[in-house]
Amino acid sequence: MNHFLDLADSSREQIVELLALADRLQTRPEPQALAGKILGLLFFNPSLRTLASMQAAMAKLGGTSFVVTAGQGTWQFETRRGAVMNGAPAEHVREGVPVLSHYCDAVGIRAFASGTDLDTDLSESAFRDMAGLVSKPVINLESAINHPCQALADWKTLDDLKVPRKAKFVLSWANHPRALPLAVPAATVHMAAMRGMDVVVLRPEGFALPGAIMRKAMEAAAANGGTVRETADRDDALNGAHIVYAKEWGSTTHYGNAEADANLRAKLADWCVRDTWFSTAAADCKLMHCLPVRRNVAVADEVLDGKRSVVQREAYNRMVVQAAVLHRLLSTPQH
Amino acid sequence: MNHFLDLADSSREQIVELLALADRLQTRPEPQALAGKILGLLFFNPSLRTLASMQAAMAKLGGTSFVVTAGQGTWQFETRRGAVMNGAPAEHVREGVPVLSHYCDAVGIRAFASGTDLDTDLSESAFRDMAGLVSKPVINLESAINHPCQALADWKTLDDLKVPRKAKFVLSWANHPRALPLAVPAATVHMAAMRGMDVVVLRPEGFALPGAIMRKAMEAAAANGGTVRETADRDDALNGAHIVYAKEWGSTTHYGNAEADANLRAKLADWCVRDTWFSTAAADCKLMHCLPVRRNVAVADEVLDGKRSVVQREAYNRMVVQAAVLHRLLSTPQH
Amino acid sequence: MNHFLDLADSSREQIVELLALADRLQTRPEPQALAGKILGLLFFNPSLRTLASMQAAMAKLGGTSFVVTAGQGTWQFETRRGAVMNGAPAEHVREGVPVLSHYCDAVGIRAFASGTDLDTDLSESAFRDMAGLVSKPVINLESAINHPCQALADWKTLDDLKVPRKAKFVLSWANHPRALPLAVPAATVHMAAMRGMDVVVLRPEGFALPGAIMRKAMEAAAANGGTVRETADRDDALNGAHIVYAKEWGSTTHYGNAEADANLRAKLADWCVRDTWFSTAAADCKLMHCLPVRRNVAVADEVLDGKRSVVQREAYNRMVVQAAVLHRLLSTPQH
């Protein structure tokens, strides 16, 4: 493994092996495995879990980290090729990203979608351009259309909970004050499909996942014994669900149009996951969410504070699986 | 010791033991005592000493730290129970604080008073709520009404200076452009009382310490041979003082009312500690301050740059005593 | 070596020895040389390379670092002696800098020029005041008029490229949207002179380097076999150049006058280094720049992306030479 950019770069078997490594490092810690190794963390967007869990994972393996946050202690960066840089950004990523890579053994990068042009965001061109500038291993800490660390942690959470491979996994749209990126829904639907689950994407009209995201998930399902479908019918989706994975995202019909998006979602206040959503679900149906979550907008207190919620385990597993990723990318085999 | 939230959670003897541990770690460093341990630092408010000295203390014991600062690289947090989160804060502390605790062995939290409702601030409800969400040891890095790391460092400073237990300790209000929280004055008056000193709180009218703070200090004094009283008479207070501890805080009569507070303090420009304040004090009377200090507003240059000032020793002792706290909370006994 | 403030504090021979140490640490790493040592990094201004490369250099030697950034997680600082601190800055550097020095074994400080009064900035009084407050080794991470870490990295880059001692080194002014400080041009012209090179400062009228900077460089040249001259004639300067070191700085004729500076530079858009600049240069002439660089304003894409550019090697060498500086300042001789 040279980079960790997308679960789709690995086979199902390779992911299962990576999760086994995560388990092994929990059971038998290797506090010196990455002694002397340095992880550079470059954030173009805010972070809580990723910021803390990457540093913690590195420390548990004996390595160290440094953090650079655009606009916080350093400046803003230019990303457009050929730009005449007479505006606010003081440095181009074509300089800044390779420079940081000199100072570390692996680079983690978080760079959200522009949220203006769907095709550009779907192409992952900004992230791929940056990753291409670096000769060290790169870890995707959330890009325009992917969040493989979250997806891997969620996969482990499903395994920890002994959720059957063929269980019904419902990715449900949830309300939010703003139009959020497609990274987590795209990564989640693909992960669940790759795990071999029966995946239903539940979302109101105007929020259908783009064809490219659905096709990728369907290919993963076909290769691994799962299924993927999409619906706006909440009763149909939730009936018999083993997992409800709540996630907020922006209108895809009006991508980049904040006003049209706000008009659509003004009528969608009932897309806040409540206990009543689980009335026809499996008895032990769990609520998943990648966090941060808007309480009583996306998910009600009663659900987050109830026994169905496994959001803390998901967050904990971020550290666990990232330790495995770092170990795989950076550890030197012992002979 | 499971948490470090308030000196009042310990007996005087336990504090004396903790200070002895601090001394021992200075004399005989234990650079591997916390090897492999991780400290998470969560700041809801700005910091200089705490930010640096906690990381340094952890490093001196072989451990590592990560820092999360609300609004700086991460988002703002919601603290109100039952809030419908459709405003600026992206995450509730009910998620964020437990999540961070998964990634570390102890959590330090700084969360200042709201400064709007005195009873709420006195109740420490916000901090206690957060501490209650965490199953790891919690260190109070300054809460609404307490700052035990500062108080412990100040106690050690008094010991270092061989200030007698029964010496006269004057906590004096000092001027400042804004109404500052009650955390340090509350912690200071309690610490000096618990050490068994003769404590005088000197403050102008309108700035009396709340009854709950005074009662707690008086109980500590009664149990440990000290006394506590309050006065607006500067001559009386400073006469024979062994310590003048200068501190700024907001009007308690007009708590949360910035305009009324400003009107009061407009007439209080002479509450800037100057050399003349020490004319009737003990010959070797020292000036203490927790820092940061507004030069020539709260304390004059002549005092801060003179031989009475021990503010640098107080700041140095932050690192020293915090190392003892971390050692007590996190070290595994060696057999 | 007690501090690292200015290359001029060392002899040419001492710099050559320091660069040999840098080479040695690359060839034979010493991952435990600074075990248990702590570096405090205090930034009054934004940073990318310095922020990351100092932490990386310290980690490679087994030490740890903490970072404090004015206004980012901590407050703004007052620097004026005798100030009545009733404005925005919450702490004076006279308190803050010594406090931080207690928590570490060496302090790195970045504090840019005020950009208002040339004589004050040339005097380095603000930086010298701060360094004078600290009893630990101080590293200059860029002051009003110096940037010795950058100069040392550039010297090593010249050595790595086997650029002859007597080669023609052209420091060329380049365009920028704003008036930048004189720190890098001052450090660069001095470094190249001290290395013994034939230095030409190429700049338009209104941007002549101040006499004090030129005199210091000429003294270094005289002592070490180099030469220094200044010109506005680009053809003359670039003819036969072995190195073109592009750098942006503000008008010295109109120092601190943003409007007059902007008027001058409105006519200087052609001071963007392009391939055509190298038509009469030496065949293997290289482009150097300290970064960050405004692409297509200061240097064109065609040059930065072409084979002449060595900006990435300069950035890499920041970490390499800083490791040597840290080793020299902090390592304890082994017996």
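Per-chain numbering from 1; labels A, B and C assigned in written order.
Here is the rule we use: a contact is a pair of C-beta atoms (placed from the backbone, for glycine too) under 8 Å apart; a residue touches a chain by one contact, two chains touch by 3 or more.
Here the structure is a predicted model, which is why all the values come from computation and not from measurement.
Asks: For the two copies subunit A and subunit B, what rotation in degrees overlays their C-alpha atoms? Round to the nearest 5.
Replies: Subunit A sits rotated relative to subunit B by 120 degrees.
Asks: Since subunit B and subunit C are copies that touch, just let me know if over half of their interface numbering is common to both, same, or not, different.
Replies: Because under half of the interface numbers appear in both copies, subunit C and subunit B meet with different residues.
Asks: Let me have the rounded angstrom distance from the C-alpha centre of subunit B over to the C-alpha centre of subunit C, please.
Replies: That gives a centre separation of 40 Å.
Asks: I need the residues of subunit C touching at least two other chains; which ones are they?
Replies: In subunit C, residues 64, 72 touch at least two other chains, as defined above.
Asks: Considering the complex alone, what residue numbers of subunit A touch subunit B?
Replies: Those residues of subunit A that touch subunit B are 29, 31, 43, 46-49, 51-53, 55-56, 59-60, 64, 67, 69, 72, 177, 291-297, 301, 304-305, 311-312, 315-316, 319.
Asks: So in the complex, the part of subunit A that touches subunit C is made up of which residues?
Replies: 35-36, 38, 40, 64, 66, 68, 72-75, 78, 82-87, 90-92, 94-96, 98-100, 102-104
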